[in-house]
Amino acid sequence: MNSQYPNNASEMPDRLHGPLARMLASWEFLLIIVAVLIFFFNTQASPYFLDAWNLSDATFNFTEKAMIAFAMALVIISGEIDLSVASIVALVSTSMGFAVQLGFDTPSLILIAIAVGAACGAFNGFLVATMGLPSIVVTIGTLSLFRGIAYIVLGDKAYSGYPDSFAFFGQGYVWWVITFEMVLFMIIAAIFYVLLHRTSFGRSVKAIGNNPTAALFAGIRVPRVKFMLFVLSGIMSAIAAICLTSRLGSTRPSIAVGWELEIVTMVVLGGINILGGSGTILGVFIAAIVMGMVTFGLGLLNVPGIVMSIFTGLLLITVIALPIVIRRARQRVAN
Amino acid sequence: QADDMRIAIVVKALGIGFFEAAAKGAEEAATELGGVEIIYTGPTDTTAEGQIEVINSLIAQKVDAIAISANDQDALVPALKKAMSRGITVISWDSGVAPEGRQMHLNPSSNSLIGNMIVKMAADQLPEGGDVAVLSASATATNQNIWIEEMNKVVGNYTGINVVATVYGDDLSDKSYREAQGLMASHPDLKAIIAPSTVAIVAASQAVSDAGRAGEVLVTGLGLPSEMAGHVESGASKSFAIWNPIDLGYAATMISYNLAKGEATADAGGEIGMGRLGSVTLSDTLDGAMSDPFVYDASNINDFKDIF
Amino acid sequence: MKSLTLSRDALLALALIALVGLVYLRFPAFASPNSLLGVFNDTSILIILALGQMAVILTRCIDLSMASNLALVGMCTAMLNSALPSIPIPILVFLAMFLGALLGSINGILVWKLDIPPIVVTLGTLTIFRGLIFLLSEGQWVNAHEMSPAFKALPRLSIFGIPALSWFAILCIAGMYVLLTRTHYGRAFYAVGGNPNAAVYTGIDVGRTRFNAFVLSGALSGIAGYLWVSRYAVAYVDIAAGFELDVVAACVIGGISIAGGMGSIGGAVLGALFLGVIKNALPVVNISPFWQQAISGAAIIVAVIFNARSERRLGRIILKKAEQI
Amino acid sequence: MPVELSPVLSMQGIVKDFPGVRALSSVSLELYAGEVTALVGENGAGKSTVVKVLTGIYQPDQGAITVTGVARQLTTPKDAARAGITAIHQETVLFDDLSVAENIFIGHAPVTRLGLVNWQKMNDDAAALLERIGASVNPKALLKDLGIANKHLVAIARALSIDARVVIMDEPTAALSQKEIEELYLLVEQLKSDGKAILFISHKFDEIFRIADRYTVFRDGELIGDGLINDTNSADLIQMMVGRTVEGVFPPRTNDLGNLILQVNNYSHPTEFEDISFSLNRGEILGFYGLVGAGRSECMHALFGITRPSAGHMSIDGELVSLKSPADAIAHGLVYVPEDRGKQGAITALSIVDNIALPSLQNTSHKGFVRMAHEFALARKFTQRLELKAAALDQPVGELSGGNQQKVVIAKWLATQPAIIILDEPTKGIDIGSKAAVHAFMRELASQGLAVIMVSSEIPEIIGMSDRIIVMREGRQVAEVGRDDVTPEALVKAAAGIEEASVA
C-alpha cells in the first residue's frame, strides 16, 4: 500500500491538518501580512497617517463599498455576479431624493430606499434565478437600465434638502472618532460572517457555487437561494446608498459611478473565487481595509487617483498570482 | 516643513489643459509670495466622490487652504464644511460650491458677461441670424448651466438668432462628437454650434470639419487657444472666448493666501486682494468676478497657442 | 444548428432593420444611404473591438481591458506622432497593432501561465493600463494641432466613397471570418470554449489558445486605439472610459454565448451595429439624451432573453410520438 | 492465436504521484500487435492514470515509455498521436457545439494549399471513416443533436482518424446497450486483424474473457500480475484484483415485504415517458431494466421532483403528494442517487463531510445554524458502513477515485434516513469488490424496511437483486415480472421490443 490512505475506514481522521496549519495556509493569513506591511509603509511614508481623526476619515474610503462587497461576495460564491450594484445605489439615491421633494421624513426615506434596492435586486434575481439567464450579461444590462432610469428622473437636476436627521448616517459619530458608518460596517461584517459560515443558507450558497446541478439534486432550492442573494445584494446597495447620500447631502444620477469594478476587485482580493464556490467573509473584510489603507496612504502623498489604481491593479494581480507562483516553485523544488 | 503655508488647488480632473494652466498661475503666485507650497491635485475623472476623497486626504495633511473647482455644488458641501471646521480656509473658483461649503467663490468672469459673450460671438458672424444649438458638457456641470441660462436671457437681443437645441457631450470627446453630428443631421439649417466647454468645442469643430461643413456651420464657445488653433486655421471656428486660466489660478491662490493669513475676510461687499490683478469685490452671495472673457480669433491666436 | 445560427443572425438583422425603420418614421433622412454609411462608420471602432472580444469570449474568457488598451495605445501613437511626425502612418498603424498585441499578451500570459481567472486579470490590467496613460502623458492631452495632418487624415480618407475607418472595420471582419472558420487557430477558439476538458484530450493547448485570443483582442484594440485618437483628433487619459461594457454588450446582443464556444462573426457585427444605431438615432429623433442609457440597458436585457430562448435545448426526445411532432 | 513478438508499446517503472496519493508506483505494461490486453483493477487502482500517461495528458514522475523499440517522451497529446497512440477515454471528450466531422478531425483537420481548413475534404473523410465503423451519421450534423450511442461512435471514429499502432479503450462499454456492445466487439476484432495493439479497460469479466488475449492486474497503483487470458480464470483474476476472494452470489432476500409505501399512477411527460404506473412496498427492491436511453432516468427525475410530469399522480404512504422540487421529495422521505456522479451526485471541490451533510442540513443544523460536530458524526457513521477509502473526512471528494466518490454519494443519501431510495445505476464503474459491498448493503437496507428502486442496465445485477422488475422501452413501461419467473432472455427481448406480447 503506497498511498497514505488509512487501511481501515475507522482510522480515518476528521481533518487532515490541525487548525494552526490550516490558518497558516489560509488566504486571510496572507492578507493580514499584506495589511501589516501596508500599515507599516504608510506610517513611514507620511507623518499624518497615525492620527485618530485621519484614520477615522479614511474609513469613508471603503466602508460603503465594503457593505456592498459582502453581499457581492455571497453572490460570487454562488457562481453569479452582480455588476448593477453601483447603478442600484444611484437609483435608490434618486428615489430618496424624489421622496424628499414630496416631504417624506427620515424613517420613511430609509424604508423607501430598502424597498427600491430590494426591488432592483428582485428584478435581477428574477432574470437570473427564475429565467436562468447568465448574470454577468443581465447585470450589465441592468447596470445601464437602473442608472438610465435615474437619469430619466433627474436629468440635469440634483436633489438636495435632505432632513437634518438624515445626515447622521453618513456624517454622524457614535463615540469620539468612531463614525456611524464604521459601526454599521462592523455589524454588517459580523452578520455576513455568521450568514456564510455558520448557517445552512451559507452552506447552500457554497454548494451552489461549486456545482448547481448537484446542489439541486441534493435538495437545495437553487433558484430561491439565488433570488434571495440578488435581493440581498440590492438591499446592501440600498444601505450603502443611504450612507453615501447622507454623506454627500445630495443626489445626482452620476453618483457612485464605476463602483462595481472596485467592489469586485475588493471581493476577489479578499480571496473569493471569482468562479464561485469558495471564499470567506474575513478575507473580504481585510481586503476592504487593505484597499482603504492603500488609497488613503497614497492620497496623503497626493498621488493622483489614477496612479493609485495602478497600485490596486498590481495588488490584485500579485496577490492572486503569489500563492500560485509559490506553489509552482515549491513543486519544482520538490521534484 | 520649509514652507509655512500649503495651499491646495483642487481641480475637476487632472490632465485638462485649462487646469494645468491654472496650476502654472498658482505656482507663479506662490513664487511671488514666497514660503508657499502649492499642492495641485484632483481626481482623474470628474466626479464629486473623487473630489471628496481628495479633500479628505488634504484635511488629513492639515493644509492651510483649499481652493476648489467643484464637480458638484452640493455634494462637496459636507466635506468642505468639515475642512472649515478643522480650521482650513476654503474657497471655490471656476465652478462653484454652494455658499455654506466655502468662504467665497471666484468666478472667472461674471456669468452674465459669459452668457452674453458666447451668443454674441455667434451673432457677430451671422448678420442674418439663423438656427444655433448649444453643445454643453455634462448635464450636471454647474457653471455650464448658469451660462446657458444667462445666454437664454439675452438671446432675444440678437435678432434672428434662434436656439433650437441644447445637448450634452458629457465632456467626452466621442460623445460630444456624436452629438455634434446629430445636431447637424437633425437641424439641416444649423448655422452655429455654441459649445461652452473646452472638450465640446474641440469635438464639435472636428465633427464639422469631417462633415465637410467648415465655414458653413460655425463653432464657437469657450475653448483653449492651444486646442483650438488648428480649428481656427481650418475655418471650422472663427472665434471663441476664454478667460486667462493662468490668471485664474493666480488669483485663486492670492485670495486663499490672504484669507488664510487673516489679511482679508470674506464679507459681503468686502474686497480681497489678487496681487497683480487688483482686487475682487464680493457680492451678497459671497462671490466675485475676476475679469471679462477674452476673445481669440485668427488675429491673435498664434500669440497664445503655445501658452495654454 | 447551422440554420439556427443563421436564423438568429437573420432575426437580429430584422430587428436592426425594424429599428432603422422606426427612426425613419420620425426622421426620414436617417435611413438615407449616406446617413447609414455614417452610422456604420461611427460604429466601426465598436465593431473592431467586438470582433476581438468575441474571440476571447469564444474561449470562455472575457477581456475587460480592451478600452484601456485602446486608450493606452492611442495615447502612445498620438505622442509618437507629435514627437516624430516623420514616421509614416502605415508604420504607425502597424506599431499600434503590435503594441496592442503586446498589452494583450500580458493578459494572455497571466491567464495561460498562472491560471488566474480572466476576469480578474483584465480587471487588474484595466486599471493598470489606464494609470500608465497618466504616467506616460503626465495627464497632458495631445491636441489636434500637435498631430500631423496625415495622422488625422487616414480614417477620413475616402476610398470608393467610403471612409477608410469603415474599410478598417470591413477588413477586420473579413480577416476574422477567415481566421475563425478556416484556420486551426480559429477553430481552436471554439473547441476550447465549447469543452476545455475535451480540448486537452484532443491535443489543443487550452492555455496557449486563450493566449492567442487575448493577443488577437489586444491587436484589434491597438488598431482601434489609433483609429480613435486620429478620428477624434485628441488623446487624453479618459478616452473610451467604460467602453469595455459596450463591447461586451455588443457581443451579447449579437448572440455570442458568454459560456464560450458559440457565436458567429455576423452576430458580433450586428450586435455592435444595433448599439451604434441606437446611439446615433437618439439625438436625431430628439429623444432626450437622458433616455439613452436606459434604452441601451433595456435592449441588452431583451436581447439576452431572446438569445436564451433560441438557445434553449429541447430535452432528449424519447417518445416516438413526440418525435413526430 | 497471438504469436510471441516484441511489444509494440512498453512502459517500465512508471511512477505517478498526486498530492497525498501515489497513483502509480513503478508499474510496467506491454502491448502486442494484433492482441487485446485487458487492464483490470479495483476503482482507483490507477487504470485511467495509465491511459492519461500514455496519451500525454499526465507526465510520469519516473519511468520510461518505448514505442516500437524507440524511447519516447509523451509530453502532449500531440506527441502521443505522433507516436501512434490513440485512446477512447472514460469520460466523453467531445464538443457539443461542433459538427461531427470537426469533432473527428479537430486538431488534425485537412488543409488546402493555402493552409486553410478544407471543409470539403474533412466532411468526405469523416463520412468514409463513419462508414467504416458502420455508423450512419451525417458528418455535418451537430454533435449535440446525436443520441448517446452515436456520440460514442463519433468518439471511436475520432480515435481511428489517427492512424495508430496502439488503441486504448477505457471502459468503452459502460454506457452502451447490449446491441452496441456487440458492434464494438466486432470493431475490436477488426482492429486486431489490422495488427493494432489494443489496451482494453473494463470491470465486466464476461467481456474480458470474451475479447482479451492478455491481462494485466493493478491494485493500489501497483502491478500485481499479468499473463495470457487462457492461463487464468475469473476467480484468480478477482483474487489478484482485490487481494481476497469475493462472494460471487447476490445476497438473498430474508425479510418479508412490508406495507405499501409508494403508488405511482399514469405518470407521463410530453417528450420523455408515458403512462408509468407501479407500486412499491417497504422492504422491497424494485428493479428498472431497459436499454440505455429507455427513459428510466428521466422517469426517476420526475419522481424526485426535478422535472414535472404532465399527467398522473403519486402517493406516499397513502397520501397524495405533488413534489415540486428535490427538497420536497427529501422532505417526504424519497431520495434519488443520480447516475451521473460527476455532474449530479458529488460536489467535487467540497469535502466528504460537506457533501454528506448537504441534504441532511435540516437535521444537523439548529434553527438555520450549522453544527459541525453533528456533521462529522453523521459522515463518519455512513462512510464507515460503506468502507470508504480516504485520507480524512475533510478531503475534497474530487481527489477520490471514481468508486470511492460513488460511495460518498450513496452515503450522503442514506444519511437523510429516507423511506424510499432510488438508485440509478448504483454500481456503474464500481469495481467488483465494492460492488458486492453495495449489493449487501442494499439488501440490508431493504430488510430494515427501506423501499428501494434500482435502475440498472446490468442483467446479472437486476436479476440478482430485484424482487420485481419493470422493463422500459422508448419511454413506456413494457413489462413487469416477478423475481422468480424472470430469465435474462425475456428481459432482453422485452427491452429491445422483440416479441413484446409473449413476455408481458
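Chains: A, B, C and D, in written order; residue numbering restarts at 1 for each.
Simple rule for what comes next: a residue touches a chain if its C-beta (ideal position, glycine included) is under 8 Å from a C-beta of that chain, and two chains touch if they have at least 3 such contacts.
These figures come from a predicted structure and were not determined experimentally.
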item: Farthest-lying chain, centroid of Cα atoms versus that of subunit D; value: B
item: Inter-chain centre distance, subunit B versus subunit C - centres from mean C-alpha coordinates, in Å; value: 36
item: Subunit B and subunit D: spacing of chain centres that average the CA atoms, whole Å; value: 74
item: Chain centre separation (subunit A, subunit C; CA means) in Å; value: 30
item: Interface hub residues of subunit C, defined as touching at least two other chains; value: 134, 139, 237, 290
item: Overlap residues in subunit A, where contacts from two or more other chains coincide; value: 155-156, 253, 258, 304, 306
item: Shared-contact residues (touching 2 or more other chains) in subunit B; value: 14, 44-45, 139, 168
item: Chain-to-chain touches, reported pairwise for every pair that qualifies; value: A-B, A-C, A-D, B-C, C-D
item: Touching residues (chain side subunit C, partner subunit B) in the complex; value: 27, 29-30, 35, 38, 42, 134, 137, 139-141, 143-145, 156, 228, 232-234, 236-241, 279-280, 282-286, 289-290
item: Subunit A contact footprint on subunit B (complex, rising order); value: 14, 39, 41-45, 47-50, 52-54, 56-57, 59-62, 72, 74-75, 77-78, 82, 138-140, 145, 168
item: Residues of subunit C defined as touching subunit D within the complex; value: 1-2, 178, 181-184, 187-188, 190-191, 194-195, 197-205, 261-262, 313-322
item: Touching residues on subunit A, where the partner in the complex is subunit D; value: 1-6, 9-10, 12-16, 194, 198-204, 206-207, 210-211, 213-221, 277-278, 335
item: Contact set on subunit C toward subunit A in their complex; value: 62, 64, 110, 114-117, 119-121, 123-128, 130-135, 139, 237, 242, 245, 248-249, 252, 258-259, 288, 290-301, 304-305, 308
